[in-house]
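As structure tokens, the structure follows; a few thoughts come after it.
Read from first to last, the chains carry the letters A, B, C and D; within each, the first residue is number 1.
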């Protein structure tokens, strides 16, 4: 069912890369290892230095460069950032030639991606959506998990390049937004794990079970999963800061899930629970804590820790 | 924090084993490998044959045997079964000598275990609670995960024997019921995983994401956990029968969790959700399906599969 | 706090009325009793006959009539219907003179009303929002409850006319959308009543309490409320058809409430429950039943009635 | 269906009354107006003065008096208090003659009442359960609502006496515990009203609707119910103290409802919500506030009022 062709070669010899943040920079660096000629673009040119040192060239005239290149990658933070660079005068939609391919790798909303794909099609261009799972360390190591969707022939051409950034690359069909649904569902399952841990640890505290030991035992006995162990130990030790993924961002993704669910008339009671729990956390002053501080919210509601966490934990310097 | 002494030797040279079901039989067999002399007891003597072949002897006079042995193991299905063999005339409480140790390995409720420990103490006997994680295959392979609690000196003496049945053996303190809390919390975290999967797969079906592919991708990208993959694929393929763990039993454990939570005044909204979902499943006729058929309940409520599952899936032969 | 001036006279001598459905027709008829000259408009002129008989005149040229009249009422089904008649060429926004007043009496979303008010202001026109509580029988009797918001001086001029249609008329300030929030919150409190009744009656059935007697007793002992009694008896007797207010419409209002809540970052767990319950009802085939058939959903989930209601209750002829 | 015989006369000429608290005292006083000879009993004899002044006589020897009287009323706070006076040596069960009738009017759990009825039957005695709706003011005015269940002939004899204390008296069949189920369901519907109001008012505050005006309008337009108006205005004005019914007591009743639901395998998601909300309130320090302070909990979670209510509202003197 899942097609992982490895070792094939991409027909592309050059590309443009847009977006050189914590994720985009190491991803572009790994792409250079494929031997492709890479033009890189950033609103703040200073950020490009490491890539220029690795063999990329800077594209000061983005519109002109786009018009001469059949392939552009974007790795941007959200819908708004992609909308800006895609829709502006001289942006991707305007400038990419007919038959050109846009590989969007950011975490975007499925409905935005559907709309973007349509607009590319109207111009004879192609959108491949290829969001990634993993944090900056995996981006550097080239071990991201990548989910790619788009027209089959274009995927054939692009996947060998994606494999420089991560492996496996999962191909999930012709409809680009399906890849973004999967990314979003992945974040929702993490939310479900947080709720599960939050309640388990609250009860553990109240009945006299050691939180850290509980996580160790359940991971050994049942889960054997790094993500269970890591989030479990963060919650057990109440290490909610600095945030790896802020509660505010977790709420954003849960809202996107609920919005998709509403669109297709699916009820998701656990997602409702997460929505209420994260909102309550934000109103308790935990907005900038890691979203695993959902554990703090549930523990307060269960009387397992003292109330008023934000007073107890003064802001960091 | 967690103490795993391995390679030490138990001072016990003989013991009695009560309970030779799917789990108890292979566990007792592995215990024999430690070289201990083992008397085995079952209400249905036929069941003892494999153990007698492996070197155990049958104890027809349970009361007499108990009175001459310092150590008895029980591996029984529930509170009621242990209550019966412990409290009856000539049962464990009556017959075990002063200083004798009862190692209870079944999945019992924490409050029953607390009460049993008290009654042993009143007679100068000792209760060690040592519930296990794992199914019959791991019991046979001697790879169960065991959580043991009881007085420290007694644990020192018993753990080397437990290590013949599984490893690691986690020691979680002096209070026997803590081990049972951990076992129960483990089952609750599985319930949380089921709810998470059930809702994710419902939404996936409605937005056009392949359920089996979703599970494969999220396991690779995030969870890397056999239990996530196994339950996920069961739900994705709607393979709810034969049941590995019946919905009715899942409900029983969720009720025990809610009952403990109520006792200590903790609210557990996810446990409430599981309670309602499993009850609804039972009222839809899914009582004897695997508890992962919670996925069926959520999918019906979300309009992701046809209603009236029990009509659609006729009973097995 | 709430201002109910009665007996005053409106300075307006003529007005236009748009929307002559089940509600609009009797409301316009009552308005005629004030002595005002009323031009009436409907896309289907036949519907105007009863109003013409009562002294109104037909406005075939809506745009021309609007330009000569300082006051227009609209009583339309939803945002879309008002958007159409307000925004089209020669519509209300185009044609109403500077200083003209638009009294919108339909159940519209607060955010739509905010936007409409802004567009009226930009043209020097005034929006008064005046949604109503009550069904066609109360519209005929002139006993609707009306909630009016808009600039104070304009309210002074309009309220005497509204009082021909219902009483009391509550004035709730200068911001038109506040009136629509109140209407929406009213429907949400009805949803809360339905959930309360649904669960009470489910439990009653299971423990052997007569549902109809329960409703009678609780209404006498606690509620003394016609709406409690009416909805309670509908549910107790399982009289869900024909629908007074369809489940699909109930869902629409709950979604509007959740959407407003999301906008201001409020969590509403009961609204989430209603959303899930009504959606589940729709997926069970109850879309066109009265929204009190939430009682059917809860009773099925509690095992208090047989499953598969839609099969049991064949469609009406 | 509901039988309200009025104006008939009871065959009983004398009775004993146990329990003279805020409710019991005025109820006994009204019972005296029927002309019955009443012996009254209280552990603290001082409390009897007002009844003696009204014509009752004190029964110092409870056991002896019971053995000579065919009818005893109890109006006690909870299961424990009734268990004590019914089961002790020389208590009601011991001393009431064969054929004697015990009318229990307190708010007791249905399962306790079932058990008590069985024990009375075993002794040839009869239990009539007759819990009441209403507060001390209605007890004084003789306008309680009373729900009575028990053997039909005994009800015939007792109802004329109950009608001195309140009216209507609803007869709900032969099974005494059914009356207690109805009382409990009544309190649950109040809880549902509180949740509905709590969320409505939270959203109202955030979108700029006046809470007091909202309650007034919705009561006029929809509910027309004193209990809606009273609780609504308490919440709108944040007048949670002194408590009319403490949050801790509200929690107790919700727990009883959930316990009955669990026994018959009914899921009640709104009751779960109330359970979690009230528990959270208790852990926030609101234990002794009125249970309508659920409005405070929901408002804090929605960010509609400041956190940490208990700090903000110092304890009363």
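Definition applied: a residue touches a chain if its C-beta (ideal position, glycine included) is under 8 Å from a C-beta of that chain, and two chains touch if they have at least 3 such contacts.
Fair warning: this is a prediction, and the values are worked out from it, not measured in the lab.
**Q** Decide which interface, B-C or C-D, involves more C-beta pairs in contact, and give its chain pair.
**A** Looking at C-D and B-C side by side, C-D shows more C-beta contacts.
**Q** Farthest from chain D in C-alpha centre terms, which chain would that be?
**A** Between chain D and the rest, the longest centre separation is with A.
**Q** Take the average of all CA coordinates in chain C, do the same for chain D, and state the distance between these two points in whole angstrom.
**A** That pair's centroid distance is 38 Å.
**Q** Using mean CA coordinates as chain centres, what's the chain A-chain C distance in Å?
**A** 43
**Q** Using mean CA coordinates as chain centres, what's the gap between chain B and chain C in Å?
**A** 55
**Q** Of all residues in chain B, which are in touch with two or more distinct other chains?
**A** 265-267, 269, 276, 279-280, 282-283, 301-303
**Q** Could you please specify the touching residues of chain B with respect to chain C in the complex?
**A** Chain B residues touching chain C: 276, 279-280, 282-285, 300-303, 307-308, 311.
**Q** Once bound in the complex, which stretches of chain D touch chain C?
**A** The touching residues are 1-2, 110, 133-134, 145, 147, 168, 170, 172-173, 175, 178, 181-182, 185-186, 188-190, 192-193, 195-197, 199-200, 202-204, 206-210, 212-214, 216-218, 220-228, 257, 260-261, 264-271, 273, 277, 301-304.
**Q** Which part of chain D faces chain B closely enough to touch in the complex?
**A** By the definition above, chain D touches chain B via 255, 262, 265-267, 269, 272, 275-276, 279-280, 282-283.
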